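Please go over the structures that come below.
The same chain A turns up in both complexes below, where it pairs with chain B and then with chain C.
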Partner chain A sequence: MSQAKSIDHVIKALPKLQSRYNIFAHLEPSTKILQRYNDIQKNQPNSTLAGTISAIKDNIVTQDSNTTCASQMLKEYKSPFTATIVKLLSNAGTTIVGKTNMDEFAMGSLGIHSCYGPTINPSRAFFANDDMGKREMVTGGSSSGSAAAVSATIDGDNIIDFALGTDTGGSVRLPASYCSVLGFKGSYGRISRYGVVSFAQSLDTVGIFAKDLPILRGVFDVLNKYDRKDPTSLNDLLRNEIIELSDKCLHRLQNPLRIGIVQEFNQESVDKDIKSAFHDFIGQLMEKGYTVVPISIPSIKYSLPIYYTLAPSEAVSNLSRYDGIRFGTRDPNEDVNNEAFFSKTRSNFGTEVRNRLILGNYNLSSSFAHNNYIQAQKLRVNLINEFDFMFKFPNVLTRNKANVGDDNGIDFIISPTSLNKPTFVRRAMSDKIATDEYFNDIFTIPASLAGLPTMTIPIRGNEPIGIQIMGQYGDDQGVLDFTSTLMKK
Partner chain B sequence: MTTHTMLLSKRFLQRRFTTNNKFKFIPGYKLKCGLEIHTQLNTKKKLFSSSINHHPSSSETPNSHTNFFDLSLPGTQPILNHESILFALKLSLALNSKINLNSQFDRKHYFYADQPQGYQITQHYSPFAKHGSLTLYHDIDNIKEPTKKINIIQLQIEQDTARSIYLQPPQNLTLLDFNRSNVPLIELVTEPEFNDIDQIKAFIRKYQNLIRHLHISTGDLEDGAMRIDVNVNVNEHPRVELKNLPNTTSIIKAIKYEYTQQVQTLLNQKNGDVFEGGTKSWDGQKTIKLRNKETMVDYRYMPDPELPTITLSTELIESIRKTMPMLPDDIINMLVSHPYCLTMKDAKILTINSNSNSTSNKSAENEVSIYNHEDLRGYYLETCNEFLQLSNTGQKVNEKSPLKLPTNWIIHELIGNLKKLSISFNEFNAKCMNPPTFAEFLTLIKQNVISNSSAKFLLFEILKQFKDSSSMMTKMEIDLPKLIKKYNLETIDESNEKGQEFINEICNSVIEQTSNDLITEIKMGGKNKEKKLKYLIGQSMKLSKGKISPKEIESCLNKILFL
Partner chain C sequence: MSLSHITSLLKRRCCCPCYSQLARCYHSSVSKPWIGPVLKSNHELDQFFNTYNWSVSKYLQDTSSITKDKLPSREVVLKLLKLSGLSSLHADIEAIQYTLARQLQLISKLHNAPVDTTELDPNHARLFPRENKLLTYETLMKKIECENLEPEEQLDSSNKSWKATDTATISKNGYFIFRHGLLKDRN
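Here is the complex of A and B:
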């Protein structure tokens, strides 16, 4: 699985990655990286991920380095324990070189809301000859550093084989598409979140970035484990049931797959390049013999309001532990106040986090006839039911009736990953209208709300254009297999 | 209300309430109270983590039973402890509640130093159980009415907070002990149906005994294992919540004080007056306002997004119902009925734990350490069972109270002696006389092998030996027939010649030892004749080691002294 490159080359390249693209929140010292790498070569050279170089998002806790979530609030925070997924990766023999930059507490879709400053998109579409400074484009977020880490090359070589991010509403898929790499988020509950700092637990998932699909699949296999420490982890009973269902679906390999195109995704405002690339892609699918069918999932039009009701509400709840008593600093003059939604003590949070805290508190306020959160949850259930009605593969959680019969149900849904191509960092940072950024999640949010396994694939070489493949809940292997087929050409 | 009655009432009030002890309700001013009780469950682990749920009174090092979740460190997640659900189920069943087959956890948000998450995980939208009740009875619970049913609105499971310890100046610090953080609590809310102080006292006592009986909580108010808030309102006065009430005495005093306050407010009301409800605290003397309705915190309740629904099947509930112990009221009713026929007082001794088990309770001295009502009840019931088997050899089945002997001997004689000798009941049971042995002992009395008084002598001797021989370390061998021989305690058969001879001998030797003056006085029939004769009877009994009945002795003495 190891890519042919020397560790010395990696160690020399890392400071360049950092100075050019601002990828890391924390970079491990060279001696430590070297030692770790050599230890693995000596002691476990045959482990699944031996020889690979990786990075993880800075909202995943590690005992031996700080975990800051790119926030002033956690600037000096060092966790006394390590996330399950980091342990799994380490046991599998990867060398983790650092923690990656991100939007503060994973809130944002551009990679610009960080106490470390924005991450710069390293895609060769913008840096033809490693030419610095001319076109500083955003990476997308919130897993900005992880996407950039996998995308970046030094002297034409990839340095980081894979990186972990988190995806709540598109935070892996959007930057993956902006940085022209593969980005996969598993079904909700597939990969353990124990040790992943919560943003909105009912939506949070861990995702994987890589350029190389076999590496991505290798990492997924390592992480695809039930974890009793995570109450939302998919249990072994259901995992086994899904495996049995997948075996039954093997006929998918013989019959032409039915691919759904969601009518509600036909947005006026989609960038024209993305639109044409997507149409080309559909054309190629049909040429290859796939059956492409238009489908309708009416509730998709509510997905943005549902998401921006649920996610900020959960976020405000999760972030209330950062009250300035145990984390961050305490304002000497004004203390935490019962009546205020946030007080001066919480000025350690950045602007975008504060925006969302206000929105979240608004949603949860009892003064609204009936708590908006609960309304949004009901609409979310409708959305899931509509997805269930489309897929051939049954949903083991809802137990809704699957759409069996080869003429009706669909195997996968495809859509563009983003509405737009990345913009200039400087322009994004001066933009005062937060909701523009929110709209960019329009294609990624439905799969988050329904917990669907979704892969984004770059479809125009180094262009920042990706398409998404969504499968039914639990059908992660199906999505990965389909991606393999597509990439073989 | 007319001016006249108002003035009268005012005077009445002043008279009544300046002397704090003599509280009485004012006619026309009705008290209405509801209770909100928080009960700490004594599960092995905490509600959502694997930390040990230590007993609040134990003097553990602060912050020694905490893990990452209890401290709300980033990246931690709650894992529900199923023992808490089992305990909540038991309580819900005991309170005849309607159990929610799909209850859920919600987050209640507020900032406070003792709440590290910034929210408490509780059950707001879909609580664990609803519509329960606990009925109070005149004879069992000492209330004035024959019965009073208190309806329980709901039961919910929630997290306890950390404990704040406030250091006074010059330190001016608040210390936080997270040993209590995330300990499981059950919050119970009653309907505001209490209208008498006795009912409140009775409810607290009964509920406390119930949770101890179910072994789900220590139920101690003193160390906060049980905490009670009270809402009080008189007539149209808005509801006032009373908090920080450390024990039953404060609860009662605070309610009386608040009642008086509200009655006075109502008496002094002018047209257009708006009364204020809100939350008050009790400082030991008076109620103090904490906050009113307008400054109430918006808790911004939200369903917890990662804890699963607690799904229960009716089969599971039924199987738990089958494992439920008999409830205290049922036990009392059983004990006062045939064949036990206990008095209410004795039945309560075996059923109600009026004192705390905890070591922290200083008022609970010897009495508590001697026995525990539950162990004693087990011993009593087992002994009764053995006793009935031994004595029921076909005859005398329909006795009126066939268990009078076990009752009197265990609840009174035995416990009295154990207290006198400071022997723990459990030691006695384990190493001295277990129920079969004690039943054998009682059967000997019943079959008149030894007399009642010989038996008293014998039991005391056994206990003394048990205590003295420091044999409390090992099991004591008890051979009752041998002991009876050793102490020469067999009953005298008064009907035969040999028996009569023995009685004569005893009486004569007592008379010989007694001064002639006294004998003469008895013969003369002086004013204290009866008393003096009783003295002689007593002496004779003592000499015979209780083997002869007082009646036989009296008739023998009469014969000898020609009375």
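Here is the complex of A and C:
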């Protein structure tokens, strides 16, 4: 499955990837990589992912190396267990070479909020020094290192075949778009989160980066399993029901697919290159015989406020365990002073994490809440219902009436992935207005709130311009099949 | 109905009764989702792309034009820092006030949504089946039985649970240690 390359070449290339792009939070020793690779060649040469080289985001726990979430808070943390997805990948024969850089605790859209420093975008990197210093581009975040790992080449060769990231509000799709690679997040609950450090558990999903769609599909097939250890994992009854529904929808690939383009995503402030590429892409679909229909999902207008109410509130709960006693780099002297419990230990959090904790506590505090949290939940329900109204494929979770057998339902929604192209690292890091970063998530957050399977694909060569393909909840195979058709054409 | 007709309706923010020809439209006083007619030409596609009914940059403008009188008070920020377990000693309170004000400006849009939420169940916001079979005593016992058949190999075999204190920097005899005791006369 892997593109042919020697393991020696990989081992020599990895330090170069690190020094150029700051991709890894932890890189395995060469001897360990070599031994692992050779063991697979000897003992499981025919396994699904044999011969592939991979990397995983540093918020996915492994027993044999540190898991830091790119935070000073977890600098020395080693988990007592290994995530289900890492076990599945290992059993399928991949060689994992390291843990990748990221925005701290997956909070960020640019890949700059990391205790290891920013990840540099390989497809947009400039190394000439001029009066502005190094002009390097951001990768997007929060799965910055995973996107960069797949995007980067050494001497023209791809080194990493695939990488895992996590996507809470767009953290796989945005960096995939910025780094011109494929990025797929499955339906919520498709891929086990057991051993994935939680940011916002009602939104967190695991995603896959690759340049090559068959590799991405192979990885998805390995990971697409119920996990009893993850209480949010989609159970087998529903998985089987979805398979039956998918079989009934096979005719979709013979008939012209109905593609929805969303009026609320039609934004005047979209970068002009992104807008023109997206416009051209939809025009080409029409020329090829696809049926394109405008649709309106009014609740999309409220998806950013919904997300920034719910996600920080959940983060407050998830990050409360970092008190130094149970988890976290403990202050050497004291657990409490006259200010707040554990405040010295919790000063290990970076600025963006602190900003979101303060906001989350505001949302949850009875003194200030103004019912923000409940209102956000209700509007999220409304958004899910509006998505259900669009699709032919029924939603097995909500049981809302679907558009089955109705010509007006649509098969997939297509939109741009990002509002803007990547900016310079220096500019992003000097930007003092934290909330500006939030707006680039406008296209990715709605699918996260509804738990929809979504793929981003580059549509203009190596330019950092991607489009998203969204399917109904559970219709992951449909999204992958449609992506495959598009990429063949 | 032509696309130009639809776009003109959209510009007037007119809702569903006007879309009676469209197969799937709701009748309501609030914005509802709709699926429009098939786009048949590049001209219609151009029209779609040149019609805007909402702008996210408006949110951006709102959040970047915060004035001092709209800032949350210093006392509010200090209380939130305490709730968050964060120190206020070296914190830039004014910067936090501005950041929080911008965040709240964005979140306040929740209350402008023209949606009747009275019938919406907030419990449905979680992405789980909305209808579930009742869990009986028998099914619960069966589930526990199945769990016991598949022991987690990484757990401590003696008590089938994590040794929670193994990851702690300071512990004694299986207990976590909390330093400096209980607080007295705390603000």
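Just so it is clear, the second predicted complex is superposed on the first by the 454 of 489 C-alpha atoms of A that agree within 3 Å, B and C clash if a C-alpha of one lies under 4 Å from a C-alpha of the other, contacts with A are read in each partner's own complex, and residues count from 1 in each chain.
Please note the rule applied: a residue touches a chain if its C-beta (ideal position, glycine included) is under 8 Å from a C-beta of that chain, and two chains touch if they have at least 3 such contacts.
Being a predicted model, the structure only gives us computed values, none of them experimental.
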Let me test your reading of the model: by the given contact rule, A:K378 touches which partner, first (chain B), second (chain C), both or neither? second
Could you say whether A:S365 touches chain B, chain C, both of them, or neither, answering first, second, both or neither? both
Looking at A:A106 after the superposition, I want to know if it touches chain B, chain C, both of them or none. Which is it: first, second, both, neither? neither
Once chain A of both complexes is superposed, is A:S299 in touch with chain B (first), chain C (second), both, or neither? second
Is A:G260 touching anything from chain B or chain C once the two structures are fitted on A? First, second, both or neither. second
Scan A:F81 for contacts with chain B and chain C and give back first, second, both or neither. both
For A:A147, decide between first (touching chain B), second (touching chain C), both and neither. neither
Which superposed partner A:I282 touches (first chain B, second chain C, both, neither): second
Pick one for A:L164: touches chain B only (first), chain C only (second), both, or neither. neither
Any idea whether chain B or chain C touches more of chain A? C
Which chain A residues lie in the overlap of the chain B contact set and the chain C contact set? 77, 79-81, 202, 228-229, 232, 310, 316, 320, 323, 325-326, 336-339, 361, 365, 367, 374, 377
Chain B partner, complex, touching residues on chain A are 60-61, 67, 69, 74, 77, 79-81, 83, 193-198, 200-202, 228-232, 310, 313-314, 316-317, 319-323, 325-326, 336-339, 361, 364-367, 371, 373-374, 377
Could you pull out which chain C residues touch chain A in their complex? 3, 6, 10, 22-24, 31-39, 42, 45, 48-49, 51-57, 59-60, 63-64, 76-77, 79-89, 95-96, 99-100, 102-104, 106-111, 113, 115, 117, 120-131, 147, 150, 152, 154, 162-164, 166-170, 176-180, 183, 186-187
Contacts from chain A onto chain C in the complex sit at residues 63, 77-82, 188-189, 202, 228-229, 232, 238, 260-261, 263-264, 266-269, 275, 279, 282-283, 286, 291-299, 301-302, 304-306, 308-310, 316, 320, 323-327, 330, 334-344, 346-347, 349, 354-355, 357-363, 365, 367-368, 370, 372, 374-382, 384, 386, 389-390, 396-399, 403, 406-410, 419, 432-436, 438-439, 442, 450-451, 473
Chain A contact footprint on chain B (complex, rising order): 68, 71-80, 107, 109-111, 113, 116-119, 125, 295, 297-303, 305-308
